[in-house]
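Here come two complexes built around chain A, the first alongside chain B, the second alongside chain C.
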Partner chain A sequence: MQSVLEIKGLTTHIKTKAGTIVPVNGVSLSVLKGEIVGIVGESGCGKSMMAMSVLQLLPAAGKIVDGQALFEGADLLGMNKRQMRSIRGDKISMVFQEPMSSLNPTMKVGKQVSESLILHTKASRAEAKERTVQIFQEVGIPDAQRRYNSYPHQLSGGLRQRVMIGLALALKPALMIADEPTTALDVTIEAQILKLMKGMQAASNTSIILITHNLGIIAELCSYVYVMYAGQIMEQAPVFELFAEPKHPYTQGLLKSLPMLGEHREKLHAIPGSVPNLASLPPGCSFCPRCDIATSACYTLKPGLEKISEARKARCLLYSKGVAL
Partner chain B sequence: MSNLAFVKADSLVKEFSIKPEGISFMRAASVQAVSGVSFEINRGETFALVGESGCGKSTIGRLSIGLLKPTSGSVYIDGIELGSLSGSDMKRMRSKMQIIFQDPYSSLNPRMRALEIVAEPLLAHKVYSSRAQAMQESMHLLEMCGISSSLASRYAHQFSGGQRQRIGIARALALRPQYIVCDEPVSALDVSIQSQIINLLVELQEMLQLSYMFISHDLSVVRYISDRVCVMFLGKVCEIGNTNEIFGSPRHPYTKLLLEAVPKADPTQRKDKDVLLGDMPSPINPPSGCRFHTRCPYKKGICSELEPALEIKGDRSVACHFPFS
Partner chain C sequence: MLKYIVSRILVMVPILLGIVLAIFFLLNVLPGDPVSLMMKDKIKPDVIDNLRERMRLNDPWYVRFAVYVANALKGDLGYSYRYHREVKDLIMGAFPNTVKLAFAALAISWGIGIPTGIIAAVRKGKLSDSVLMTFSLAGVSMPIFWIGLLMQYIFAYKLGALPTSGFSTLKHLILPAFVLGWSSSGGIARMVRANMLEVMKHDYIRTARSKGLGETRVVFGHALRNSMLPVVTMMASQVSWLLSGAVVTESIFAIPGLGRISVDAITNRDMPLLQGTVIFTTVLIMLSNLIADIAYGFLDPRIRYQ
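Moving on, here comes the complex of A and B:
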């Protein structure tokens, strides 16, 4: 199948007081047409920086040092600001955790969506307004006609996120990048938003990159999953295979440590230690200080991301010879 | 049973007045955060409060340890009504009750070393005659909570989120409380760290015979840790009882839909679920009749007219005109 986005060997540096860190370290991933791809990992592992790199929205201290991000055949990383701005509005859209930060607080929400339609589709003012109300209805905003005239702060978190998704989908983008889109919401509102995203993907064949730390959301929505740790992909697999038989000790540990709604677990498995600090990563495998089955080799060899079956890869010395430091 | 209960809350009501800013001619409105809530917590038991944002969980937690005074109703700890206590008796009673917060970052003094943070309540209550003894006890508490003595002289900001939560727990244990309110103690932590803290709380409970009120919006965690659970909606109890029974066969529609909304970390259980419609109603102007009726897919005529009473059947109570059997 045709891929919409193909990231190859993306590496990003950020200058910090503690030295240069590498939040995105040789990441490759591909997103097929109409597919929902999940990226899961703990806080600080580089998920957002990866998305920001692709969209050229890195903070000033950040710099892409290597890699490609091929979107419809062209490398996004080589585009200038103007080209990138037009792609971001038109073909790739984004939804963030806190919709307040991406909406303009001084402009009515309806107007924000219709302006974008006017800018990108050359619709007339009246057409754009009509289409916006229709979009608001599609994303389940009650009383859409009246909500058109609301300011962002007058809406609840769930409604603001609907506006963002409406805005993101108004231009029928080929790709949507959603970074923790429901993390700030209550669980019943989260379920509404996830259902909405799934419906949109099914209706318009939009590809979605869904970034989250919630394995439940991954299991419910995604077809293919990348597990990130300390700036690297540790494991990648089709969703059913990943949950049925995780291959990397990190993924295994994560799944074992989840309390489950449907079953009682005697004692929760706990991955020892803490989430790594990118400024002081161990040599060798970055997960080995927390790994149950680490051997002395894990401290001295860097595992590569090896193919372990048709559609799966894992970065562990169980499957890789590793590279000496 | 009721004479065994360590904590007993009877018909708690808490109103907050909210003054509209800068509009002097408007009367101060009030919001009823808690509207007639009763429950009991036995010794050594974990009692969970669940419900969506703003339903009154934290307010109840604070009422239950006397950090807030109820507008009406009473709290009894070990048979003694908190409202009847004089200042000095209340201070003594306070040491039996502690609270742990969600945010381990803001609840610890950044200018103090871990050892001092934990010793502070011991010194303030003059538990030991010498400072050295207090420090020794502090070290003991830190080690019990998984912070090794080699780290005890670090400052709060030098610890990771999970470690800070351990320090917060060690501090809460200093005065040998019998009852601890855990207000979202793991919500800010990464999955791999959450299970460490949950396991610690469970171990401490067994060792010290603690009673917990466990406040969380994560139903999987609640299922794992609690003996009994109270499901709340907009300041009212929907359903209260044994956790396994309520999660196994919810009787209130809200409980059922809340459980269904949780994303399950198992892709083989994917299904197209009914999502709970609408937004949270405003607590300032709650719906007539049953507060849940505006979102309830099973509502009938009476639900908008008459508030359902909490029907008590043994250890299980439900407030609904048409509960599931």
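Moving on, here comes the complex of A and C:
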């Protein structure tokens, strides 16, 4: 199968008051045509920065320092602004974490979608409007004709996220990056939105990168998953294999913290320690301060991301000799 | 929206009444009896008493206040001792001149301030940003009378291109309007820039970029309207600022406007005229606040649809 997006060794720096941090540190991943790939990790591990790097939408303090992002064979990171603009929205689209703040509060939601259609398809205003109403119907917005003229504050969080998904899929892009599309929504709405995304994806054969910190969502939608920790991929595997047999201690911890269906537990297991501070990572393995089975070697050797079976890789000294510091 | 406007107007009534009362009180407790001022010393006491009676100066203050408000509602603001004319006529004669000056100044300050702010924001950190912001700082910090005199010196005295004073032709308007407008354009530029930079950090700007819109479309299509919201509120405070600036400007350029007659009223202790101009100005400022609120409602759908 042909891959739609192939990221190789992507490294992004952000200048902060505490010094330069590396929220994306040599990340490589690939997304096949029509595939939903999951990226999971705790808050602050660099998932959003990785996504922003691909579309070059980083905040002003951010800078891509190394790597490639091959989209349909061409390196996005080498493109000029004009080439990049023709990709954004049309070939690769994005759904953001916050449906509340991701839509312009002073512009009608319909216009925010039709604007994109006009830009990329040279459709007339009337055509774009008609198509937008149609899209609103497809993403399950009731009373689509009237909702075209609504402002974001007049819509619920769920409807706003439907608008965002409509916007992201309006031009049938080859790839959609969904950055925690349901984190801000309550559970029933979350289920509806995920179902919608899955349905839309099946209909248009769009590939999706789904970013989340919820392994349950990964299990439901994705076929392949990358586990990210402190800017690096810690483990990657087909979803079924990852759940059946997690190889990395961090993944094992994440899975233990997941409540199983029909199971009642007094207390959820949580990985001990706190989310790492990217400004002061330990030498050696970045996870070792929180790892149950860390040995003294883990504090002095950096593990590489090693192939452990046909479709799996893990970054742990259990599977890798490591590089001395 | 209509409900919003009506409620704004209803709120104005008690505020206006309170302000009129405060002004009335302040001006009436000041020493200096207008009758003795008018008559000097040589008049017989019974004539003075008679006049005081006719002007109701012997009545208690609340009666005088009630009479004043009742008359003011009919459009009668009293009689100027100094000019021997109706206060209303004096104000109506001066007002158009001040309006002309204020609108020209407004156009100049916005015409300079808004584009400057936008350019500086878009080119943040570059040389052009620093240059523009240094100029606007100069605009904010130079007092009007100083710019006024400087402009008079350069354009009227040295170059002889424009008249120094008077208000008969359009040419007379250029210098004072520029002086008054320039001094607030700096503040507007800084404010537009600050708002714009703030707005450009919002998530929806990133969404706009993620659609593939170019930077110009992002700025004018998405950022501008949102960053104009606080600027519109500033417009209201700018009207009071323009009116007070007009006092100085009109004095420097000898323009027969509202500012000039209030200064005259103060120096001559012409209480009815002073009261009239102050109340008139208050109404103007309240109206401009109302207009700003309505404009805000039009720009921001979150308010319009409440």
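By our rule, the second predicted complex is superposed on the first by the 317 of 325 C-alpha atoms of A that agree within 3 Å, B and C clash if a C-alpha of one lies under 4 Å from a C-alpha of the other, contacts with A are read in each partner's own complex, and residues count from 1 in each chain.
Note that in this section a contact is a pair of C-beta atoms (placed from the backbone, for glycine too) under 8 Å apart; a residue touches a chain by one contact, two chains touch by 3 or more.
The structure presented is a predicted model; accordingly, all values stated were derived computationally and were not measured.
The superposed arrangement places chain B and chain C next to each other on chain A without a clash.
In the superposition on chain A, A:L159 makes contact with chain B only, not with chain C.
When the two complexes are overlaid on their common chain A, residue A:F240 makes contact with chain B while staying clear of chain C.
Of the two partner chains placed by superposition, A:I135 touches none, neither chain B nor chain C. With both structures placed on the common chain, the touch criterion links A:Y151 to chain C but leaves chain B unconnected.
Of the two partner chains, neither chain B nor chain C is touched by A:L29. Using the contact criterion defined above for the overlaid structures, shared-chain residue A:H213 touches chain B, although it does not reach chain C. Greater residue coverage of chain A by touch, when chain B is weighed against chain C, goes to B. By the touch criterion defined above, A:A191 reaches chain B but does not reach chain C. Of the two partner chains, chain B is the only one touched by A:E42; chain C is not. Across the superposed structures, the minimum distance from chain B to chain C, using CA atoms, reads 5 Å. Overlap of the chain B and chain C contact sets on chain A: empty, with no shared residue. Listing the residues of chain C that touch chain A in their complex gives 202-204, 206-214, 217, 221-222, 225-226, 299-302, 305. Of all the residues in chain B, the ones that touch chain A in their complex are 52-53, 160-163, 190-196, 198-199, 202, 217, 219-221, 223-225, 244, 247, 257-270, 273, 275-280.
Here chain A touches chain B in the complex through residues 42-43, 142, 156, 158-159, 186-192, 194-195, 213-220, 239-240, 243-244, 253-255, 257-262, 264-265, 267-272, 274-275, 290, going by the rule given at the top. Partner chain C is touched in their complex by these residues of chain A: 55, 57, 85-90, 93-94, 96, 98, 101-107, 112, 115-116, 119-120, 151, 153-154, 164, 167.
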